[in-house]
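Below are two complexes that have chain A in common, paired first with chain B and then with chain C.
Coming up: the complex of A and B.
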């Protein structure tokens, strides 16, 4: 700080007049462009270009070692007709809706349960957040092991409690496999919902609860009439964000089931991986990805509009 | 009264829900291979052994993957912080045409899920001939880290009074000097939060590391870990030891992160 103050004040006299203002505006603009140049380069070279390239490639037939040739919407049509792809699209919806609704409910329970200052609240909250910080790969592998047919804790535990006889083939049965990947996803994601909701609830003035309480509102009514309306913005944004990422999730499904059994848990990203990386059918893989784009784009529009509204006008 | 009981019941169930899988990781990592295979003493590690941990460091490339992950995470965090902080300063403090549009663009790129980007990005990296090196990941991770850092820091920079900078400017400081000497020091908690988030996101990243790296000696920890599972058979003892160790750095980082996190969560949402 002192260094700034003792600097030769060469530019100071100009500060008084409009000439300084003009020069400074130009300098400011140039500096602005210089400072955002690295981000701009990153966005153009490693996001926008690849993305536009992907759209173009989705309109071509591209195999490794052969040049791409334009086929129009053929890949999209082939996928639309493909029973396997239809399963993938439906699975993505089931996986997303199933995961998000469970995360919403459990997250809400977590927020309400921790809302009233309980002893060790910080510690509890910190502990409950752990699933959200440990690597997703670890989570997926751990759940695979928890659900192991013969030696997994789930089957052994349920058996020892006398609930089941033989072990349940969690990852081998198509319906249970979907349930399994959803469980792992929910385990990973609910703390983020819970902590966000909790943070929002703690900004609600206590007066509102007191007033409701005086009016004879039950705990349930207080939640429904006071808490929920006050945090609906946070609920919306967290749900939107999580939907965007869940719809194109990869790690949990890839590691737990590789999309199987059959295609029972294949979702957009794992199927694109199968087409693009494993079968090297680039055009088809890009087209498969692009099918999720309209939904993603719509969700992004909502988020951007919402977050920009939050931004103070400057 | 019943509300209180219900609340504690919910807390108890949630704790159990989180604790059980974590316990399963730790307890499995301390079992012998024979104990796991024969399903002996399922719920506890008896006999208790550290053999799995020894095996990881002495018989596998675990230490190498650990190093690769550390190098990648630290380097991409530094790169992303530098680029993101510069951009956030420009977007919150300097007036230039296209600023608002660019701000929206940054947010949009942050929101695009990696599951949609990995194939196009891979194609581009092949085109420029830059795959299969840790540098590839250090180049690729900023594609999701930089927009996030920028968005997060914009919130922090906005909270710093402009008057402080204006005073310095009148005293003859340049814009870069005000950024370096006034804004960045005042935004230190924000930088720390952003840096820790970046480290965690890079450390946990799997998809890009799986696809962009072919060489076994260049694998990062998550990819190395996933490779332990050979078809349907896995060495669960060693795998869970590796899982515990892979989680340790982020859990430690998170202990520091925790107090900065509320600010981070509200300034820019994080994946969940």
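Coming up: the complex of A and C.
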């Protein structure tokens, strides 16, 4: 038995077939490489090269049209010392954390509310997906109009209801401008959370709820003790994905405020655009966008490790 | 080989040789042209028709691609790096300086000479944006001047004369607000749009706060003058409350909309508001008036930010045809057709046409005069890549919003702006 097990793999009879069809181990390996070559090339061309090139550019003094000169970490240091960039970094944190927290809560409420099979539920689920399928540009323009000082639905509505006298300066006041872009981002993104949570909740066995109910668990306890632990993997993945998308968001902020007033809503993406396209400073622009990379990398490591830890238990 | 086959082979060879040696036909010459899509669609249509007619005349097939002010530099940035600039490029006020400094524009001094023979001398103030080191790198096409729009009916109601200074605008705005005619009459948006940074330059220059000398070398912002300039425009937001914070977030067209909605009494804008009101028979047209932008203690140094120029990038393979095309478009006949169909938005920068009878109307005189008084970006020096970046980095409007939004003192805001501008000029030397 042990003899058979230690026999070189190449001598083990392979699948039957004509002689020309049979391949040895080397040929098999070559065939494997040949089969994955196209996708490997695509990954290198479309992901690895642009990514590594971006890192390289961030280490250079690169103006559009001029050759790049290696400057090491100078761009990163310059940005770190720049009060303007610190505002941008803080804004990015506020925008991301604010948006994700709200999307998480609203998405969870949406999932719990839609979990029960009631009449018209399917239609409502489809309707709630609308913000997710509308192009972001349309959403940003719509919110810009909704919040307009004079013609916006918010101000007109609040005024007509007698809640406010003069219009609220949603996009001109620094604090309200940040709140406004967060609101637009949340509106766009909460269905992704809701639908993902709902799909996960529907895989939880009914027996668990029945058992909890027999034990006298309230609706809240059923959610807290049964639903939430069962879907925490999905929660982690959805939150991670959405954090990455929000941290890299550009359209909503650029269209609604262009980073203003002043730099009150400038985030990594809009600031990189200003540096790279308007000021033609590619090296600095790449460095600005790279600042979010460690945060995203840490989040990915954290979630992947968490999911691996959860796997054996499940 | 049969005799017949030999004949067929010989005939085919002769035919192939003839095809290979024949001169290139008109259809073989393809010229690409990029132009700005303006807010005046009928004028764009006239220009496209002229481009195609000129293309036929010079025996070339012209492909036109358009961009707006917002996406212009996204397109040019990609094209500069990939060396795919078009044969003919309509560039904004800072484009010639940027591209010429990179060695990417052809010397078109001869072409400017051809154009001046027909349209008269190039206005002195337009030279700074297209002439570097004694050579022309672009042919000025037209300028869109920023003028002061105001509501004459509201001014009459509060017994005010049309304002000629920034202080007068403030005073009238307060009167309009106090009279309950409008909540926030003063629509000057100090933001990241042309309607923000163009007036910001005009304001500072009119207060003697330019930051370069006549050679274009950085000398620093005269702090006292800049502070004085900031102190005259920020009270509208901070103390008088005659301007709404929301105006700081306006897009390029929002002040047009606010003016036409009757919400503001003053705003800086190109003549497109007149076009919109005329073409829609707007009820406010009879109450809409225009004036030169305000003057300051050292005069009226208005920025010519929206100047469009024809450049011939060296990337283009059809240099000869590209020059012929620009010469044709700038011929008196073609340019006059475009100018007179532009609803007074395309103001010529060559002397014979800026004095054309077309401008001899009440509004036309103001628009033409604004261009005559205009200064190129980077004034009192020429337009340089550094001057271009001061505009594109929004340094000047950021200086205003630091005071309005972040509540820093005007002195500190000027110091910060001065530091940013110095860094730009240190980094972008003139080649």
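Rule of thumb we're sticking to: the second predicted complex is superposed on the first by the 262 of 314 C-alpha atoms of A that agree within 3 Å, B and C clash if a C-alpha of one lies under 4 Å from a C-alpha of the other, contacts with A are read in each partner's own complex, and residues count from 1 in each chain.
The working rule: contacts are C-beta pairs under 8 Å (C-beta built on N, C-alpha and C of every residue); 3 or more make two chains touch, one makes a residue touch a chain.
Values in this document were obtained by computation on a predicted structure and should not be read as measured data.
Colleague: Should A:91 be classified as contacting the first partner (chain B), the second (chain C), both, or neither?
Modeller: neither
Colleague: Which partner chains sit in contact with A:32 here, chain B, chain C, both or neither? Use first/second/both/neither.
Modeller: first
Colleague: After lining up the shared chain so the two structures overlap, which partner does A:99 touch, if you call chain B first and chain C second: first, second, both or neither?
Modeller: Touch status of A:99: no partner.
Colleague: Under the stated touch criterion, which partner chain does A:60 make contact with: chain B (first), chain C (second), both, or neither?
Modeller: neither
Colleague: If we overlay the two complexes on their shared chain A, which of chain B and chain C does A:156 touch? Say first, second, both or neither.
Modeller: Once the two structures are laid over each other on A, A:156 reaches chain B alone.
Colleague: For A:185, decide between first (touching chain B), second (touching chain C), both and neither.
Modeller: In the superposition, A:185 contacts neither chain B nor chain C.
Colleague: Who does A:75 touch here: chain B (first), chain C (second), both, or neither?
Modeller: In the superposition, A:75 contacts neither chain B nor chain C.
Colleague: Of the two partner chains, chain B (first) and chain C (second), which one does A:277 touch, if any: first, second, both, or neither?
Modeller: both
Colleague: For chain A, which side has the bigger count of touched residues, chain B or chain C?
Modeller: Residues of chain A touched, chain B against chain C: more for B.
Colleague: Report for A:257: first if it touches chain B alone, second if chain C alone, otherwise both or neither.
Modeller: In the superposed model, A:257 contacts chain C only, not chain B.
Colleague: If I apply the document's touch criterion, which positions on chain A are contacted by chain B in one structure and by chain C in the other?
Modeller: On chain A, the residues that contact chain B in one structure and chain C in the other are 144, 148, 150-151, 276-277.
Colleague: Can you check the complex and tell me which residues of chain C touch chain A?
Modeller: Going by the criterion above, the answer is residues 73-74, 77, 80-81, 98-99, 102, 104, 183, 191-193, 244-249, 251, 258, 261, 263, 389, 392-394, 398, 401-402, 404-406, 428.
Colleague: Quick one: in the complex, what on chain A touches chain B?
Modeller: 1, 3-5, 7-12, 15, 25, 27-29, 31-33, 35-36, 38-40, 42-43, 45-47, 49-51, 53-54, 57, 103, 106, 109-110, 112-114, 116, 118, 124, 126-139, 141-146, 148, 150-151, 153, 156, 160, 187-189, 191-193, 195-196, 199, 219, 237-238, 241-242, 244-245, 247-251, 255, 268-269, 272-273, 276-277, 282, 285-286, 289, 292-293, 296, 299-300, 303-304, 307-308, 312, 314
Colleague: Within the complex, which stretch of chain A touches chain C?
Modeller: Against chain C, the touching part of chain A is residues 63-66, 144, 148-151, 166-167, 169-174, 177, 256-264, 274, 276-280.
Colleague: With touch defined as at the start, can you tell me which chain B residues reach chain A in the complex?
Modeller: 3, 7-8, 10-11, 14-15, 17-22, 24-25, 28, 36-37, 39, 42, 83-84, 86-87, 89-92, 94-97, 99, 102, 104-109, 111-124, 139-140, 142-143, 146-147, 150, 158, 168, 170-173, 175-177, 181-182, 200, 203-204, 206-207, 211, 221-223, 225-226, 229, 234, 236, 239-240, 243, 246-247, 250-251, 254-255, 258, 262, 265-266, 269-272
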